[in-house]
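First subunit A sits with subunit B, and in the next complex the same chain sits with subunit C.
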Partner chain A sequence: MLDAQQIKNAILDSIIQEVATVLSEKSLPITDLQSATAFSELSLTSLDLAELISNLEARYEVDPFEELVAITSVVTFDDLAAAYTLSLSGQSKQPHDALSEELKAIKNQTR
Partner chain B sequence: MMATDDIAIVGLACRFPEASSPTQFWQNLAQGRESIARLSDAQLRHAGVSDSEFEQPSYVKAYTPLADVDKFDARFFGVPTAEAKLMDPQQRTLLEIVYHALEDAGALQTAQQSETGVYATGGGITRSYLYQEATKHFNGNSDTGSLLQLLNDKDFLATRVSYKLNLQGPSLSVQTACSSSMVAVHLARSALLSGEIDIGIAAASCIRLPQDRGYNAAESMIYSPTGRCRTFSDDADGTIFGSGSGAVVLKRYQDALADGDHIYALLKSTAVNNDGAGKFGFTASSVPGQAKAIVKAIALAGISADQLSYIECHGTATKIGDPLEIRSLEKAFSLDTDKKQFCHIGSVKPNIGHLEQAAGLASLIKLALMIKHRRLVPTINFRAPNPKLKLPQSPFKMALDYEAWEPEQQRRYAGLNCLGVGGTNVFAVLSDLPTTDTTLSNDNSFVEPAQDVLCLSAKTKAQLVEYIECIANDERPLPLCALAYNINTSRAHLPIRNTVVINRDMSIAQWREQALTKISAPSEQRRMTFDKPAHYICNPTEFVNPSQLAALTTDMRCQHFTDTHQRWLDSEALTLIIASTAPFAQHVAQLFAFELALYEQLKHWGMKMASFLGEGIGQYVQLLLAGVPLQKWLNTLEKELHTHQRHLSHTQTDCFSQMGEVAIEQEVHLASEAPIIYRNRPSDNTTESVCVCDSGRFTATDLWSLLATIVDQGAHINWQNYYPFNAFEKHTLPNYPFEKKRYWLVDED
Partner chain C sequence: MENKKGTIVISGGSRGLGFEIASQFLEQGYAVATFSRGSTEHVTALADDPRFFWKSVDGSDYQALIEFLKEAQQRLGNIVGLVNNAAIGADGVLSTMRTSDIDRALDVNLKAQIYLSKLVSKKLLQNRDGFIINISSIMGVRGLPGVSIYSATKAAMDGMTRSLAKELGRKGIRVNSVSPGYFASDMVKDLSDDILVKIERRTPLGRLGTQSEIAKLVLFLATEGHFITGQNIVIDGGFTC
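Coming up: the complex of A and B.
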């Protein structure tokens, strides 16, 4: 059985592949795409990103945006791969996620 | 009442698609109206859209119709025609909207005397059709300081309002895309709480021109390809952008209570932040960013999330945005509660489209009206919940009906979420008034007067007639004295005036009749104006009787008279006159106190006086006022009183009027052009003048007639001094009817 890291690497590869496809469809230069690449570095429109998400959703049959984007901030390819990994592991509903902790701190500071 | 950080919304105004006023906007919301119109090919061609453009399948032939974007009352605001045509309609409309909001707050006069801050936002320049047209006409001169720049750039949006309405607090334009207007509200609130300002105006104007050109949905995934906004619905496909302007007037809650303001709702808290870098891209929204603003605002409001019974959501109806917004709210609520489906959610965007920079104010005005009316209104275009929202497992349920808003908790607490591309989020918490405070405002002992004056004014005669009709046709007319108070204190006093002496039991129809008759009466030839200081000539012909005195001392508007009268009676000079053994000495002392108090009362009401001159017995009053020592003239007065007594048997009145002729000679300087107010109509009246009392015998009615006369002739009355503090409750009344004149750049003159 594959461990989480292997799953994540596989997902990362497919993200890079999907991004390359979208870029080539738009005849945009395919620069060095790595796990640390931020989506905002690419000349992708929101429409392109939606297409990308939709393609990934079709491939993995999960939508991490429903739950996980709520608690993680997706900036890089690696972030997105991590979100899919977590979605696929079925552990998407962690009661004590980092965001909730941060929100509690804000609430306590404000009062 | 405990000191709070609550801010009161005391006035508002708006012009939204198919709603020219907050009243109409509310009716549309209650009826679940969708103010989106479809465009014919002919309209599109007229708007400059080519056939090849609009024949594309992704082209959406729809828009949100906002009336009168081409119209402006340039004369009212003193804007030359050429500039009116060149000025961005967003800025023109904003001037009118802010003016109406201040009228609604009853703060048009006080705003100019207070620290009043203006926080305004406007729609885009780069997409401005008018700007592009104007650039052609002005050979490209849009450089710093050019007319084109000054009349269009966002930098001048707030400052032009401050200049035209003479508001002297901070004035700044606020731009954070779709959250702009709620950031403006936040800044106004912060400035109120820090004490930097006393009145805050948050205003927004976003008008897309030409309005009726539709859009190509393929250009961005946020555009709805069907031309409708279906927030939170399973068939939501994006948003349609629209046009509108709105403004709210804010005050600290304690001040609003003290000023007897009409309060729509309380702003309990606002929180603003930015998503920072932690998201997909610059244009994406972020759950952590939103949730942090929500948590902070709820905590600042001092409530728990389960006390919220309604959230007005940003609700752009985009596939990604809607679920992220619900997730953010859910995340914030989860700190306080795990209750499901207890809080209603809704959005105004399906009704009027997404008003971009003005979107937040559309939400805020909707929510303020909901709180005022204690009603939920339907979020329209909702078929079934978007499954990605997972509403059944969330704290939220859709507001789909026009129904009473009766939360389990006694107070109505509501949230307002507002987001902007670029990541600046705002969350606000609003509430109704605590029930203990609502009856607090009207506890004074003010007795409704039997008579008053009602001064309505406009820039032109035609507008004055229209204004009278607007007021007379108000659906829920106020009792006339309450109406007079509201109009006199809350409206500007403009050059063309109509002042009617009203009686307590007059109907509004009778007032209308009198007002219109007065306008149509042929105006007297060249009349004097009372906009500059007047000479006051004191020439009483009768002693004062107790009922005349009582008419004033029992009138709450004459408190200053009562105080001054007593002060003079207690003065050393009058005490000595009263002690005199000369005949009528007490009557004379009473008369002198009365005359001086009357004069002081007129001044207290704001009448400007250049001089006080005595004629006849009034010369002694002048001596008193001038502080001439009594020793210099008491003997003369006593001699005259003896003479008067001897002559009483035959020519009574003549003697009285001749009295004072031997008083110490005084120098009289009358600047010829200044108007004259006589205490009594003089017998040989050749100069243009008005008089307090026409018949010699003073009655209180004379005072109101005098007021009506000189107000009509330009006198400035200080209505805050005139009325006792909070004499009546403040009410929303029909606004000033601006002239709807078209100013359009491409029109031929």
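Coming up: the complex of A and C.
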């Protein structure tokens, strides 16, 4: 069973992977991407962020920005991971089992 | 069932122009997911077509739209385009209109289309490709007594077309409006013969349009208009020129 921190870490890995892909596609330098990295430090547009969130929504099947979290409150990768962790934790009646399965699926995904 | 050409979402595709647009996309090999409030003989006839999905949905119900799109994607596969077609007339002098009629027109003609655009644009962002076509009206660019609410909703859609085109263009997503003039449909069925004759007389091409002609323009923008975005294409036989 996974606890919230493990789930958040897995989401964080996904975010870092997605951002690295976007930076690479835009031929931008991939600096050391960490949980404390602020989106404003990177040359991402708001549309890049929207695309990232769309991809994360497709992967996790939740959209924390529908009501739960304001997009303006997301500054760092950690904030974004926390938003998805919150959303995933709140949607399942059997959080641990369901999230474990979800996380397995995520880890098996290759992009 | 995954369709190679992809799935087109059409609001209000159970009858009239919406169904004509759906039919033309189906003919071109696309899958079509559409919804409306009530079923029609058209959608019943297509119930067994594996490339067609219809559901009764109130477009102003955001959660219902989420469920509809999820089901559409599961049944038909990747969503590649959206045609915002659903609309109702809201005829009458504004000062005497019921507020419930105003609200209903805003819900169906505008709110539902904005919700749908928000949801489908997420899918298109994932693909970095696709299109949104808003079915507007010449009432959005020309004034006419008795249709102020309808005009307001259509002009609003055109505004969304332009801004969304600029917003999404960098990701390869095109957004356009198609503004039909008078064409043979339920929307003009209550007009008297005298009025229809006057309309034809004021139209340089001397006749009403057809649903097929408008659907062909939509299909063109979707499949051929790869360098067209942010535009409002008027198709009215020259009525507004």
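Basically, the second predicted complex is superposed on the first by the 87 of 111 C-alpha atoms of A that agree within 3 Å, B and C clash if a C-alpha of one lies under 4 Å from a C-alpha of the other, contacts with A are read in each partner's own complex, and residues count from 1 in each chain.
Here is the rule we use: a residue touches a chain if its C-beta (ideal position, glycine included) is under 8 Å from a C-beta of that chain, and two chains touch if they have at least 3 such contacts.
Here the structure is a predicted model, which means the values were calculated and not measured.
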Notebook entry, point to check: Looking at the overlay, does A:Asn55 come into contact with subunit B only (first), subunit C only (second), both, or neither?
Noted result: second
Next item on the list: May I ask you to decide whether A:Gln6 touches subunit B, subunit C, both, or neither, giving the answer as first, second, both or neither?
Entry: neither
Note to self: After superposing on the shared chain, does subunit C or subunit B touch more subunit A residues?
What the structure shows: B
Check: Of the partners subunit B and subunit C, which touch A:Gln17 in the superposed model: first, second, both, neither?
Finding: neither
Margin query: With both complexes overlaid on chain A, does A:Ser89 touch subunit B (first), subunit C (second), both or neither?
Written below: neither
Note to self: Going by the contact rule set out at the top, does A:Leu47 touch subunit B (first), subunit C (second), both, or neither?
What the structure shows: both
Margin query: A:Thr31 in the overlay: touching subunit B, subunit C, both, or neither? Say first, second, both or neither.
Written below: neither
Note to self: A:Val74 in the overlay: touching subunit B, subunit C, both, or neither? Say first, second, both or neither.
What the structure shows: first
Checklist line | Partner chain in contact with A:Phe39 - subunit B first, subunit C second, else both or neither | finding: first
Check: Which positions of subunit A sit in both the subunit B and the subunit C interface?
Finding: 45, 47, 50
Check: Tell me, which parts of subunit A touch subunit B in their complex?
Finding: 39-40, 44-47, 49-50, 63, 65-67, 69-71, 73-75, 99-100, 102-104, 106-107, 110-111
Note to self: Taking the touch rule as given, give the residues of subunit B at its contact with subunit A in the complex, in rising order.
What the structure shows: 220-222, 277-284, 286-288, 291-292, 295-296, 298-300, 302, 319-320, 323-324, 327-328, 330-332, 334-335, 388, 390
Margin query: List the residues on subunit C that touch subunit A in their complex, please.
Written below: 122-123, 125-126, 128, 167-168, 170-171
Margin query: So in the complex, the part of subunit A that touches subunit C is made up of which residues?
Written below: 45, 47, 50-51, 54-55, 57-58
